[in-house]
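Alright, structures below, take your time with them.
Presented sequentially are two complexes of subunit A, the first with subunit B as partner and the second with subunit C.
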Partner chain A sequence: MLWPYLGKEVAMSVIKHWVKLTSADVMVDGVEIPHQKHGADLLLELFQVHIGDYPKFFKMDALCRAGFVASELLIMNNLDTKSMEGESCGVILFNTVGSLATDKKYQTTIDNYPSPSVFVYTLPNVLTGEIAIRNHYHGPTDFIVLDYAEASAVVDILTYAFEDRKLNSLLTGWVECLDENTFDIRMMIVEKEMISKKMLLVNEFKMFLNK
Partner chain B sequence: MEELIQNLKKEIIEALNLEGINPNDIDANAPLFEEGLMLDSIDALELIVLMEKKYGIKLKDPNEGKEIFKSVACMAAYIQANRIK
Partner chain C sequence: MVVKLADNILSPLGTTTAENYAAVKAGISGLRRHDGIGGVREPFVASVIPEGGVCQSGVYSRFEMMCISSARQALNQTNIDPSSNKVLFILSTTKGNVRYLGTNNVFEEPTPPTGKVGADKQTCMPTCLTADRERENRHNEKNVYQLFRENSVNSDCYEAISNNLENVRIGCSARRIAGYFHNENTPIAVSNACASGVCAQIIAMRAVKSGNYDYAVVIGADELSPFIITGFQSLKALSSEVCKPFDSGRQGLNLGEAAATIIYGKSDNVNLQQWVLVNGAVRNDANHISSPSRTGEGLYLALMQVMEKAQQDDIAFINAHGTATLYNDEMESVVVNRVGMQSIPMNSMKGYFGHTLGAAGVLETVLSMCAIDNHTILATRNFEKIGVSKPVNISSKNQFTDKKSFVKLISGFGGCNAVALFRKGGCDECD
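Moving on, here comes the complex of A and B:
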């Protein structure tokens, strides 16, 4: 785990739709998603069982696969999220290491034959782009690297993003991936109206990151 | 030529990470782009790297690519005529 486990269930009053996807656990809106595998194999299992028919998945790096699968699980099971699209929706994701796992992999290829497809994924905002393209979100997309998971900094950034009048919903959250078998994704939908309950949102975000 | 085509299919699957696809699933004469395997521009770059890495062929004229990468059979024919390795 990348964050300490607090040993308690957290009731969400502001954040309605969320997904937690780690190397060993999958939960959407509080409901556990059954699975057999772990790590990279878990992502493949979730893709094959719940998503499928999207060959681009096989070209994604570990960060992108984990974030993409989490976003699909978050969106697909809910009418509110399925109907989101257009300029009113955006994607802002965060982590502490960018795409370090793929950067390291790419570094091993540059002395010989650099791989163009690995190079593409040395940018973490490829993930935000993939999610936006897949779901027809035409609002802002950003991938922001912070020193550590600080809920208040994240909510400040979201608040600033919502100054865009057209923007109503953001798919946001923490997307940490250290290697293909070690990832921890905490993703959620934040609506513009939630920003008015800023302190609650910060507290829930903080608890959600530690859940 | 048939052996080269079979090897090339395996190398393409490996280079492009085409999980779940077997060499026999690939029609040697089917288009690689837009139809068939539906490859994209990044895949095209990977195929250029593959040609240099495995067969010592450096593509100098980008316009040549359109013909060379039309299908696996076209790639194999070009490799057979120009390979250094």
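Moving on, here comes the complex of A and C:
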């Protein structure tokens, strides 16, 4: 796989399946996904065109909608990942803001009518749960907040996760969301054997974040 | 093997592990009824650290000072240099500084205390106000804005984050706390809701085993705020009385605030007095985001995985999550029966501390270790009559044990479940 990076094509040897979903940009494994809309409307458009018939989507907060749509695009476009389920599959996601967008939204409801349906989304690991539910993943799920996007810290944490001998593949990545129109999701599939190529993985993850 | 080197509990029941254990053994609870305090209209029952219980700082928030005080007390029991690059800080919290959300309260970038931190025995550290420009500059360099700029991440979202450097971010708190101890490794903040405290210990165990770090300092903490209290009220999860884990009259949970610390390190020759974190697993229910699966699928898979090579006969007790909500306690009884561990005594600490959220997994682990050190299976406070559908052996009063192992269960929102097995002294299957 070749990625344009700093003006030249760089061979990506480890990360094979990935998705980038921002307010204006959608790409899966290097292929642009056509779309018309932006922000929250883009998520709705992608949901209607590619997913449909999953009413839980409409209950989700902004972070979960963006993360969920990205995970669907990633999984449905790969034969390797479509059949994954059970204890061998886990989800580990990272960001710097946790569930800040929904925290702010809930805060505005406190003085009048504290909203239970908003409150349940004030934990970012609800997104890892949403993805596990949709795909029947029973493996480990973690949501890790770091002070900034550091690829080597991410790869270390993935390495620790694979100490669980039942785990074979992880849906992982960086999932920022500031409000319903402002998000940046970079997800990928990491298989157990990739962990032995740690330096390559760190470098490719760094490029992936900067893509 | 990964062994516990030191610990601390800071709660309404005391500022040391010994004080907390003595109070719990005597049956004392931190739970009180609170009427209309802190901007919460409805009365609630909770375990709250009283005013003056957390030392104040001009630059660190109350939550951060809870973490710092607890970690300092634990570090003071060791000769570890917390500033070493072989020390990793791991923070387990659900909401950190959320109290400051919407207040436009932008904290000062803290200046860590000068001199060797952890060398003195004082609880408070007024020296954290001492200026140290060079230090401050180095920390400022590490802020999100500059790092994203440096890494040239190019998107609206990162731009927006850079312009919103808010101190409510728990990663920011984790850095400030590690920074207090002059530690420059990227601290890990685990945000797995109520299961975070055990998940954080499992990460710590693997980080030490990997050889990347010699020591991992796991801090679990949450402070109560209107945000958290009204949230649980809105979910109708709170009991109007003291919580009654596994009891037929249980009506819900009580919240609590605490900070607890465990420091892990590696040892090749484990002595009989040392605690080993033998094994841990995290599994998801893949069922519902805010209530446990009826069959407890995630907790069942995690417990099966952890017990795979362990002998049930060696287990003194199961320290349950036991929040006293209808669904949680019922689910735990189902799981313990599915695994065939229903005859092993089981207890819950929620009647003493309430549900301390991000602190719970760490606090309850430390307390369970103390109990076995003291040959005791602790009572489940407020438990009288069994109120779950499957038979479980709830410990209703303090009782003697000479066994050396226990299992910790924990579950939370997002369908996340974690289980860990601890044993005092070495063992064959520990690696």
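As a working rule, the second predicted complex is superposed on the first by the 200 of 211 C-alpha atoms of A that agree within 3 Å, B and C clash if a C-alpha of one lies under 4 Å from a C-alpha of the other, contacts with A are read in each partner's own complex, and residues count from 1 in each chain.
Definition applied: a residue touches a chain if its C-beta (ideal position, glycine included) is under 8 Å from a C-beta of that chain, and two chains touch if they have at least 3 such contacts.
No experiment lies behind these values; they were computed from the predicted model shown.
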Combined model on subunit A where subunit B meets subunit C, clash or fit: fit
Which of subunit B and subunit C A:Glu87 touches, first, second, both or neither: second
Angle at subunit A between subunit B and subunit C, C-alpha centres, nearest 10 degrees: 80
Subunit B versus subunit C as contact partner of A:Thr22, first or second or both or neither: second
Of subunit C and subunit B, partner touching more subunit A residues: C
First, second, both or neither for A:Phe58, with subunit B first and subunit C second: first
Touched partner set for A:Ser115, first subunit B, second subunit C, both or neither: both
First (subunit B), second (subunit C), both or neither touched by A:Ile157: second
Closest approach of subunit C to subunit B (Cα atoms, Å): 7
Overlap of the subunit B and subunit C footprints on subunit A, listed as residue numbers: 114-116, 120
Subunit A - residues contacting subunit C, complex: 22-25, 87, 90-91, 96-98, 100, 103-104, 106-108, 110, 114-116, 119-120, 122-130, 132-133, 135-150, 153, 156-157, 159-161, 163-164, 166, 176-178, 182-184, 206, 209-210
Complex contact set, residues of subunit A against subunit B: 44, 55, 58-59, 113-117, 120
Subunit C - residues contacting subunit A, complex: 94-95, 98, 101-102, 142-144, 147-148, 151-158, 160-161, 164, 166, 168-172, 174-175, 186-193, 199, 203, 206-207, 209-210, 212, 226-227, 230-231, 233-236, 281-290, 297-298, 301, 305, 412-416
Interfacial residue positions of subunit B with respect to subunit A in the complex: 16-20, 38, 42-43, 45-46, 49, 52-53
